[in-house]
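So, here's a batch of structures to check.
Next, two complexes with chain A in common: one pairs it with chain B, the other with chain C.
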Partner chain A sequence: MRRYSLLVPALFLLPAIGVLFFLQFFAWGWNINLVLHDVTLMNFLREWEFVGLENFRTVLTDARTVTSLQNTAIFAFSSISLQMIIGTAISYLLYRAVPKVERFFRPIVILPWLCSVLIAAFGWQLLLSKDIGLLNTIITGLGFARVDFFGGSTTAMISIVLANTWWGTPFTILLMGSGMTSISPQLIEASKVDGASEWIFFTRVALPIILPFILINLILVTVWTINMFGLILAMTGGGPLNATRVFPLHGYLAAFDSGNFSYGATVTVFSVMINIVLIYIYVKIADVELV
Partner chain B sequence: MKKGISLLLVLSLIVGVTVVGLADSNEDEKEVIEQKVMTTESAGIERAPFLGPLAGEDMKGKVKDNVYYHMPVVKYETEHPGVDIKLKGEVHPYGDMLKSMTLAVTSQSTFDYIEMDDIWLGKIAESGYLSDDYSEQYKKWANDLGMYDVFKKGSTYKGKWYGLWRATDTRAIWVWKDVLHEAGYTMEDIMSAEGLLNALPDITKTAKEEFDMAGGLEYPFNGKWVVDQWYGWLYQLGGKILKQNEDGDWVAGFNNEAGYRSLNYVKKLKENGATMRRSWQWMLANFLDRNYAMTYEGSWDIVSILEKYPDKSVQEIKEKIGVIPTTVFKGHDMRVLTGGWIWTIPETAEHPDVAYEVLTEMFEDREAYAEMTAYEGKFPTTEWVWESPTYKERMIGEVLPKEWYDRFREGVSGGVWRPFFPEYPDIQKELWDATQKVVMGKATAEEALSTAAENVNEMMED
Partner chain C sequence: MSEKATRITLLVAYSIFSLLPIYWLTSLSFQQEISFPPKPVPTNPTISHYVGLLTESGIPIAILNSIFVGLSVGFISVVISSMAGYAFSKLEFPGKKIIFLGVIMTFLLPPQLNIVPLYSLFAEMNLLNNRLGMIFLYQILVLPLNIFLFLNYFDTIKEAIVESAIIDGAGPIRRYYKIFIPLSKPAIIAAFIFGFRFSWAEYVFATTFIRSESKMLFTAALKRAVHAGQYTINYDYMAVGAILLFIPTLIVLIYGQKYLQIGLQLGGVD
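Coming up: the complex of A and B.
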C-alpha cells in the first residue's frame, strides 16, 4: 500500500484553514479595534479617537443595557423552559407512540424549524395582528374586545416567546428523539414486568439515559436563544418602550440604527462573554467532558 | 438556377449582417454612463409603474414620461448625443433607509445621487460622505425658485448646502364624510383640536354601530416617526423641538406647558376612542376599505386615493372624502410638520459632474420641475412652483379639488421642520419613548418630557 506523507493533506487543508483564520481574526480584530475607539457614523470617515476601555463603561452604565439584559433573561428563561418541556414531552410521546402514528406526526412537528426565522416572525405577526390577526378574529367573534398583542409590554414579550418556542421546539424534538432511540427495548419490557407506571419509567429510566442529550440540547438552545434577534427585530423591533429589546438587538440598534459602531461592537463582546460563561456553567454542573 | 438563388441568399445574408453590425457599432460608440441612485419607496417612486426594489435595473424609461428621473436624464442625453445614461436604482423601504445610508457611508459606496428624508441630512453630512462642492449652486437655485425658509434651512448643515429639498408633503387627517355627517358633525366641526376631541366618541360610536367599522380614528402610535404629528400641535402652542438658550446653546424646547398640553392631547385622542396603531403600514388601505371613519396619514396618499377610484373625478372623491392637514388649537395658527426629499450628491459619486448637470436640468427647467412635482402629487417647496400655472392646472382638478389645494398650501406655508442636527434621529427616539409612556399611562406628560429633555440636553452637550 502506498503511504502518503502527512504534508499532502495538510497542504490541501491549508487554504481552507487560512481563509477561516483570516475571516475569524479579521472580524475579531476589526471588532476589537472598534471597541477601543470612539467610532460613530459621524466620524467613521475621519480620524478615530482611541478611548481604551471607555466603551465598556458606557455600555455598562447605560440604562438600556440593564433593560435589554433583563429582557434577554426573561425571554431566554421562558423560551428555553417552554422549548425543553414541550420538546421533550412531544419527543417522548412520539417515542412511545405506535410506529404508524410516529411516522405520521414526526415530519409534521418538525415543520416550523424548516421555515426561515423571518417567515416565522411574519407568520406570527399576522396571527397576532390587532386588525387582521386570526386570534383577534376569534376573540372578537367571541364578543371580546381586540387585544393589541404588540402594543403592551407584557403581551409583546409573550408574543415573541411563543413565536420563538414554536420555531425552536422542533430542534429539541429531533435531538431528544435521537436520545430516546438509545433506550434499550429490553428496559421497557423489564419496566413493564416490574409494574412501573409510564411516569416512573420516564423519570427513573428514560430521563437518566437521555440526560447527556438534554445537556447538549440545553447548551445549543441557550446559545441560540440568547443570540436570537432576527425574529424579534421583525416582530416588534424591540418595542413597545424597549419591552422586547434583547441584548443582541440592543447592539444592532446601537450600531445600525443610531450609527454608534463602537457601542454595538462592545455589546457583541459582552454577548460572547455571556455565552462562554453559560456554557462553562452547564458543562461544570453536568460534569460532562466535551471533546 | 439553384446556384443563382443560393448565391442571392448568401449575398442577402452578408448584407443583412453587415447592416446590423454597423447599427450595433453606432450604438457601441455611445459612452455608457452608469448612475447609481439610492432612494426609498416613500419618496414617491412607488407611483412609477414598477414595483419593489430595482437594484441593478435601469430605471430610465421605466417611469412614465416627464416624471421623476426620466425627464432631466433624457434632456441631458439629448444635449449630449454621445452619452447613454443607465440609472441603476437601489430603492429601500423607508424604515431601512437610514441603515442603508449608514452602510453606504461605511463602505464608501459610489452612489451618484441619494434622495433622503430631510431628518437624516445632518447625520450623513457630518460623516463627510456628502459633497459640499455644489453648495453655492444649490443656494442659487433655492433663491431663484423662491424656496420657503423652512426648506432652505432643511437643505443646509453648518452653513453649507448639501442638496435641494425638491418637494414636500404634510401630515393629514382623512375623513369619510358620510360617517361624519351621520354622527352629526361637519368638516368644520373637527378642524379645531378641541372639536375633533369632542366629536371623536360620537364618530367612533357611529362608525362601529351604523357602519360596522373597526373604529373612528386610526392613529399611528408606535412607530418612532409618529412624533411628527405631535410636533404640529407642539409648535401651534408655542413649543419647539429644540431652542437656543441665552448662551446660544441648543436645548430641549418641549419640556414646558406647550409640550405637556400637546402630548396630553394625543393621550386624550386615545381616551376618546382613537385606535392606536403600531405603524402606518396598511393604514390608508384600512381607511379606503372603510375599516375606519378617519385616519391620520399623510398628504402623500393623494395619488393612492385617486388610484383607488380611477373612474371617479376629483370632485366626486371630494364629495365622499374630506381632508385637513391637522387640527388647530383654538386661538392658534395652523402649524403642521412638512417632510420631504432632498437630492444630494455624495463625495464618492463616480460621475459627480454628470449628476450635477442632470440636477441642473431638473432645477433650471422650471416648467418641467413644476410638472414633475404635480405628477407625483407632491407639494412644492418653492413659491414659484406653487404659483406656476403648469402646477396649478395639473394639480387643481386633476389631483386635488381647489379646497384641498388651498388647505394644503396653508399647511405647507406654516410648515414645521425637524432640526438639521446629526443628533435628530436620536432625539426623535427619545420623544417617541415619551409619547408612548404618556399614552400607555406609564408616566405623566411632565415626567416623560422632563426625562426626554434631560437626555436630549445631554446629547446636545456632547
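Coming up: the complex of A and C.
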C-alpha cells in the first residue's frame, strides 16, 4: 500500500487537473509569448519577431483602449447595480412567500440563467428590434415614432445592460437565497408583533444579516460582468461606432477581427491581472474552505 | 394594497420580465409574416420557419455536431471529474491545497478570458477546425463545477461503508469504482447535464475556433444562417434557432430540476 501513496492520487488527479491547468495556466504562459512577439493573422504559424514590451505601448496609447475602458465602467456599473438590487429584492420576496408561491415562481425567475448567451442576445435583439420588435410595436401603438435601439450609442448601451441584467440576475437570486435562510423566522414574528412594516424589517433587520452574502455576491458578479463579452459580441458586435466595445471585447476584436493577436494577448494580460486581484479578495472575504 | 399583495405584484412583474424574451422568440417563430408591426400573438401559426431553418444547408449537420460534442463533453467530464473529486475527497497527497486553489481560480475565472492564447495554442496543436478539439476545450467550462460536485458528494458517503471495504482488502482504485461510483447516480446525472448544457449552446469559442461548414457547431451555423444576406437579417431564423437552442434547457427545467438542484447545492453554487 505505502509505495502507491503518491502514484494513486496522481493517477486520479492527472486527467482532470492536467486538462484544466493546461487550458488555464499554461495558456497564460503561452500568452506572455504572444505579448512579447509580433503575432498577426499573417505570420500566425511562422516565425515571430521579438518586440519586447512594444505591444504594451501600442495598447496603452490606443484611443480605443480608453473608450473600451469607459464603456466597461458604464456597462459594469449599471449591470451590477441593477442585478444586485433586483436580485436581492426578488430573493427576499421568494424567501417571504409561502412555499406554494415560492415553488411556482422559482423556476420562472431562474429560467434566464439556464439560457445560453445566444438565446439572451437573440431574445433581446428581437424584443428591441426596429424591424420586428415588440417594444417598438408598443411605442408606435402609443403614437410615437419607432426607435432604432441598436443605431444610437446610448440606446445600444441600454440594450446590452438590459439583456445582461436579464441574464445575470437569477445568479444573484440563487446565491442570495442561501443568505436569506440565515434570517430566522422568529425575527419576522417578533417584528410583526412590534408592528414594524415590511420595509422597516427588510432595511433594519434583514439587510444587516445578509450583508456578508451581498459582499461575496458583489465580487463574483463583478468578476463575471467585467469579463463578459459573448452577449455583447452577439448583440451589437461592439457597435455602433465602438459604443458597446467593452474592454475584453476590445481584445477579442483586435485578435479575431483585425488579426492582431499580440494586441489581443496584451489586453488579456491586463484582464488576468484585474481578475487575480478580485479573486484574491473573494477568497479572503468568503474565507473559502480549502480541502 | 396589503404588503402581501405588493410582494406578489412585484414577483409577477419580474416574472413577466423574465419570460418576455422567450415568449417573444416563441411568438415570432410561429408568425406567418415577419414584418412590422408584428402581431403580439401569432394569428394562423405556421411551422414554415422551422422547416426553413432545418432544411438550410449546413444546419442539420451542425445540430448533430453540437449534440455529439455536448454528449462527449458530458461523458468525459463525468469520468475525469469524478476521479479528481475522489482524490480531493478521499485521498491524501502533498500539494492538495495549492492544486485545489488552482481549481477554485479556474472555477471563478470566466472561460473566455483565455481565448486569444488558446486559439494560438490550438493552432500549434492542429486542433482548430476540429470537433475533438472542441470537446477538449469545453472541459474548461464544466470541469471545475463537476469536480466540486463530486468532491462534495463523495464527502457525504458514509465512512462505515468505506471502512468495511478496507477490511475486505479493497484498495483506493477498487473502492472508487466498486463503492463510490455505483452510489453516485444523482451526482453523475447532474454532472452529465452540466457538461451537455454548458457546451451545447456555447457561442464565442464555437464561432471562433471552427470555420469550415461541415464541422460547424449549431450556434456558429445559426449565426451564419441569420446573416446569410449581406444587408438583411433573417429574423425568422433568429427566433427559430433560439427556440431550438432552448429546447434542451426546457427539458432540463422540467425533468432534470431535481438533479440540477442537487448539483447546484453540491457544486457550492447555491
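Brief remarks follow.
Operating definition for what follows: the second predicted complex is superposed on the first by the 250 of 291 C-alpha atoms of A that agree within 3 Å, B and C clash if a C-alpha of one lies under 4 Å from a C-alpha of the other, contacts with A are read in each partner's own complex, and residues count from 1 in each chain.
What we mean here is this: a residue touches a chain if its C-beta (ideal position, glycine included) is under 8 Å from a C-beta of that chain, and two chains touch if they have at least 3 such contacts.
The model shown is predicted, which means the values in this text are computed figures rather than measured ones.
When the two complexes are overlaid on their common chain A, residue A:108 makes contact with chain C while staying clear of chain B. By the touch criterion defined above, A:44 reaches both chain B and chain C.
Set side by side, chain B and chain C differ in how many residues of chain A they touch, and the one touching more is C. Residues 44-45, 130-131, 146, 256, 261 of chain A contact both chain B in one complex and chain C in the other. If you check the complex, the residues on chain A that touch chain C are 1, 4-6, 8-13, 15-17, 19-21, 23-28, 30-31, 34, 39, 44-45, 86, 89-90, 93-94, 96-97, 101, 105, 107-109, 111-112, 114-127, 129-134, 136-137, 140-141, 146, 166, 170, 174-175, 177-178, 197-198, 220, 223-224, 227-230, 233-234, 248, 251-252, 255-256, 261, 264-265, 267-268, 271-272, 275, 279, 282-283, 288, 290-291. Chain B makes touch with chain A in their complex at residues 98-99, 102-103, 105-106, 108, 123-124, 126-129, 214, 221-222, 276-278, 282, 286, 291, 422, 425-426, 429, 433, 436-437, 440, 442.
Considering their complex, residues 3, 6-8, 10-11, 14-15, 17-22, 24-25, 28, 34-38, 40, 79-81, 83-84, 86-89, 91-94, 96-97, 99-106, 108-110, 112-121, 123-124, 136-137, 139-140, 143-144, 147, 151, 171-173, 176, 197, 200-204, 208, 219, 222-223, 233, 235, 238-239, 241-242, 245-246, 249, 252-253, 257, 264, 269-270 of chain C touch chain A.
Taken together, the chain A residues at the contact with chain B in this complex read 41-46, 130-131, 146, 148, 150-152, 239-242, 256-259, 261.
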